[in-house]
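In what follows, chain A forms one complex with chain B and a second complex with chain C.
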Partner chain A sequence: MLLEIDNVTLAYGRIQALHGISLNVGEGEVVALIGANGAGKSTTMRAVSGLRPVSQGTIRFDGEDITKMRADLRVVRGVSQSPEGRGIFPGMTVRENLEMGAYTRRNRAEIDEDLNRAFTLFPRLKEREKQAGGTLSGGEQQMLAVGRALMSRPKLLLLDEPSMGLAPMLIQQIFDIIVEINQQGTTVLLVEQNAQQALSRAHRAYVLETGRIVKEGTGAELLNDPAVKDAYLGVA
Partner chain B sequence: MDFSGLINDFGPLTVTGLAQGAIIALFALGYTLVYGVLRLINFAHSEVFLLGTYACLIVWGWFGLDQNSAPPSVGGMLLYMAVGLLAAILVSGLAALTVEVIAYRPLRRRNAPPLAFLITAIGASLFISELVGVATHRNQKGVPPIILAKPVVTIGDTTITNLQILIIVLALVMMFALDRFINGSRLGRGIRAVAQNPDSAALMGVNKSRVIALVFLLGGLMAGIAAVMYDLKIGVTRYDAGFLLGIDAFTAAVLGGIGNLRGALLGGLLLGVLQNYAAGLFGSQWLHAASFVLLVVILLFRPTGLLGESLGRARA
Partner chain C sequence: MSETASSFRENGGVRGWLGRQPIWVRWLLILAGTVAAFLLPYAEHVPLIGPQIVTEGVDWSSALFEISYYVLLALGLNVVVGYAGLLDLGYVGFFAVGAYGTALLTSPDSILYEDTGWKWLMAVPVALALTMVAGVLLGWPTLRLRGDYLAIVTLGFAEIIRIVATSTTTLRGDRGFASIPHPPGSWGGEPIFGVTDAIPYFWLGLVIIILVILGVRNLDRSRVGRSWLAIREDEEAAEVMGVRTFKYKLWAFAIGAFIGGLGGVLFAGEQSFINSQTFVLQFSILVLAGVVMGGSGNMAGAILGGVLISYIPNRLRGLSVGDTDLYEYRFALFGLAIIVIMVLRPQGLIPSRRRAMELKDREKEVAPQ
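Here is the complex of A and B:
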């Protein structure tokens, strides 16, 4: 397993956000986390990337215990996150934002190669290359956040609501890109409100409710699960 | 009001003001850099400067120099300048770093509220200044005549001294180098990333603690250079030298737009010049009062300072 989360609890002050979550992501998989607002999806992502310290439990990445490791060191190990709210650097150009994604890397030729790849995946970013990140539209910022997260050549890509704020046509496109990135060899852990898209594209998925995992299965199984349909897919 | 005084001395007042402003600008960088990254006013920065004003004097003392020494030869002057600058830069840089590691870092680790940082900053400032006060028996210390101010350029009835040129040129060169570093280097980009979005910066692999330490160090280095220039220009230092000029430097940083490097330069030069005009107009006892009237008026019309925040800019 590339990522193993074992019985992790996490609290914001006195508010318990995760009540003992366990989940695995295998190498080469696309795994989705679905659930309502406040279920703990983004909190799980922050625990994995290291932005939030966990109270109990362990997180192992690539066989190594990273539970207490600083966030910036996890990037070097191969974890990369496109955060909730996108986290663009508003005063940097699109290009500088992308270059920030490669901050831990030194090989200029490889970085240029990956810049080209990001511009190929998101031609819109190429058009906006010299524009400040803060002046982009929501959808463009989303593309920039995903493109930037790829710039570290991660083993595990954490995507928090990649379809947030995107027009329906762009949602299709961004999921196509996620599948493409995965086929190029990157493992993906995905948080989504858009359960329909997420389940139809993911190999496996977990359903979170109030800080607990209540269901897991393959994407197809959960798509056909009456309770999941009822709660998350908007069909009875 | 003495308009004829201002008009007659306009040239000399401008030049004196620019030199004074250049020192203020170098000093102001430390406030603006730390604020840009941490949203913290590091009041102890004035004592980082203070220690620099003493560091070069101590090293010059090792060479047997004091305020009564004869001016050195050209070779001696270059040597003393080099070691004096080196000593001040090292001591001020290390002092800034020490304040960060001992006083602020433990607070950050505990997620302390902003007020705790403010009180710590004021406390660290008073502590160092009092320590110097006790060690020097609150006496002022004279500066050896390393560089004798000599007029080298005359334009009309305005003369410009070698020392004034040195101060202004050195300040501009250091500002330019710092600007290139922040905007052009990988580490500089890391600093801007932490300033604009600390969480995102961590997700890019930026070590926040290291960036913060670097920012304190850079501010300290610039204060060290300002300290040597101050010694040479004023001719004496005292345990409260940092406090008095620190208020000017902090004012300049806010005037230019705190968090903005170019703003610090603009604010420093503007403040230096306008203080001298005010002194010409109302008498030198009004120098500091004038700078605060100016600050209040400018902030009324431009609350974020003349150039606004750029290192930090609004967080996403």
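Here is the complex of A and C:
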């Protein structure tokens, strides 16, 4: 397993956000976390990337215990997150944003190679190369967030709500690209409100409710699960 | 006429024009500016403009020296607020630590005098090290806080320094420290840094300012500057990019403290006397106002802000309209000037382009379409 989360609890002050979550992500998989607002999806992501310290439990990445590791060292180990709300640096140009993604790396030739890869994945970003991040449209910012997260050459890509605020056409497109990234060898853990898209694209998925995992299975299994259909897919 | 003005603006205004000039033109302009700055003490001899510029109620060279340490403070605070985006309301605390450090090590009034009684120049590195330590000590527990919380803690820090200075016998409160030695050096048998003439102190201040500008500019263009920029624009995103945010915030604090301390040792060396009255809270707020007014995140802006906050009140001294002395209304006039500038140019007089972009972005966050 590339990522093993074992019985993790996490609290914001006195509010318990995660009540002992356990989940796994295998190398080469696309795994989705679905659930309602406030279910603890983003919190789980933050625990993995190191933005929030966990209260109990362990997180192992690539065989190593990273539960208490600093966030910047996790990036070096191969965890990369596209944060909630995209987290684009508004005053930096598209290119500077992408370069920021390669912050922990030194090999200029490799970085240039990855810049080209990002521009190939998202030709739109190439057109906007010298434009400030803050001037991009929502869809373009999402592309930039994903492209930037790839610039650290991660083993595990964490995507927090990649479809948020995007038009249906763009949602299709961004998920196509996520699948493409996965096929090129990057493991993906993604959080989504758009359960339909997430479940049909992911190998496996977990359903979160109020800080607990209430269901897990392959994407297809959950798509056909009556309870999931009822609660998350908007069909009875 | 208005057409040419607008096309000038589209081409990036003065900065755009500067950017298109060949490198030697830019260097020549910088050189000319520097020389002009060094000649400022003789401004009154310039026909027509000169008499308008110089302060009437205050000795012009003393006013210039005051400008020089305000500019230093503005440059230092600009690193903390403008570059790293950390709101520090107690910046005067570091200025105080620098000045008191110098006083304790040199003044005959100091309890350390028997053991130290150093010359000014010997005390400088120790006092500066002290301010950096103060910066780290303040930053270590507080830089985990964000925004408003950090502002409140820094406000408290400056007040603590002032109250300790006022009420402990070691720091002598109002009575202060006298006979702090001046900087060293002599010219033709006379000491360069004397009591009556403030011009050499202004020149010393200018030299320090230039060194600080060069140092900060190098930092800004390095990995450190890139880290600050990322932290300022989105701290959480910076962290998931692998920026060790705590470390770089601490660096910003320490470097800001160091520059503030430079202002403090310079101040102590010129005044030769300091007491706790100098380091009031309004001082911190004034410097912050200067940085924001000039253009936070842009060194030219911070410098202009530092100049304005010290020059305007001094220029008003001795001026009167009818029977009213304008100096008495300096705070009101000054407040008015700040309001007008902030209404007309919220991003500052010489804004940083990135900062302007960030401001726009934040507006969007507050009121989404």
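Keep this in mind: the second predicted complex is superposed on the first by the 236 of 236 C-alpha atoms of A that agree within 3 Å, B and C clash if a C-alpha of one lies under 4 Å from a C-alpha of the other, contacts with A are read in each partner's own complex, and residues count from 1 in each chain.
Keep in mind that, in the parts below, a contact is a pair of C-beta atoms (placed from the backbone, for glycine too) under 8 Å apart; a residue touches a chain by one contact, two chains touch by 3 or more.
This structure is a prediction, so every number in the text was calculated from the model and none was measured.
*Asks:* Give one word, clash or fit, describing how chain B and chain C relate on chain A after superposing.
*Replies:* clash
*Asks:* After the superposition on A, what does A:G26 contact: first (chain B), second (chain C), both or neither?
*Replies:* After superposition on chain A, A:G26 lies in contact with neither partner.
*Asks:* After lining up the shared chain so the two structures overlap, which partner does A:S152 touch, if you call chain B first and chain C second: first, second, both or neither?
*Replies:* both
*Asks:* Tell me the contact category for A:M100 with respect to chain B and chain C: first, second, both or neither.
*Replies:* Touch status of A:M100: both partners.
*Asks:* For A:M92 in the superposed arrangement: first (chain B), second (chain C), both or neither?
*Replies:* In the superposition, A:M92 touches chain B and chain C alike.
*Asks:* Once chain A of both complexes is superposed, is A:V76 in touch with chain B (first), chain C (second), both, or neither?
*Replies:* both
*Asks:* By the touch definition at the top of the document, which applies to A:G138: first (chain B), second (chain C), both, or neither?
*Replies:* neither
*Asks:* Which residues of chain A are in contact with chain B in one complex and with chain C in the other?
*Replies:* Touching chain B in the first complex and chain C in the second, residues 49-51, 70-72, 75-76, 80-81, 83, 87-92, 100-101, 103-104, 134, 148-149, 152 of chain A appear in both lists.
*Asks:* Applying the document's contact rule, which stretches of chain C touch chain A when the two form their complex?
*Replies:* 226-227, 229-230, 233-234, 236-245, 353-355, 357-358, 360-361, 364
*Asks:* Could you list, by residue number, the parts of chain A that touch chain B in their complex?
*Replies:* 49-51, 70-73, 75-76, 80-81, 83, 85-92, 96, 99-101, 103-104, 133-134, 148-149, 152
*Asks:* If you look only at chain B, which of its residues touch chain A in the complex?
*Replies:* 186, 189-190, 192-193, 196-197, 199-208, 310, 312-316
*Asks:* Could you please specify the touching residues of chain A with respect to chain C in the complex?
*Replies:* Interface residues on chain A, with respect to chain C: 49-51, 70-72, 75-76, 80-81, 83, 87-92, 100-101, 103-104, 132, 134-135, 148-149, 152.
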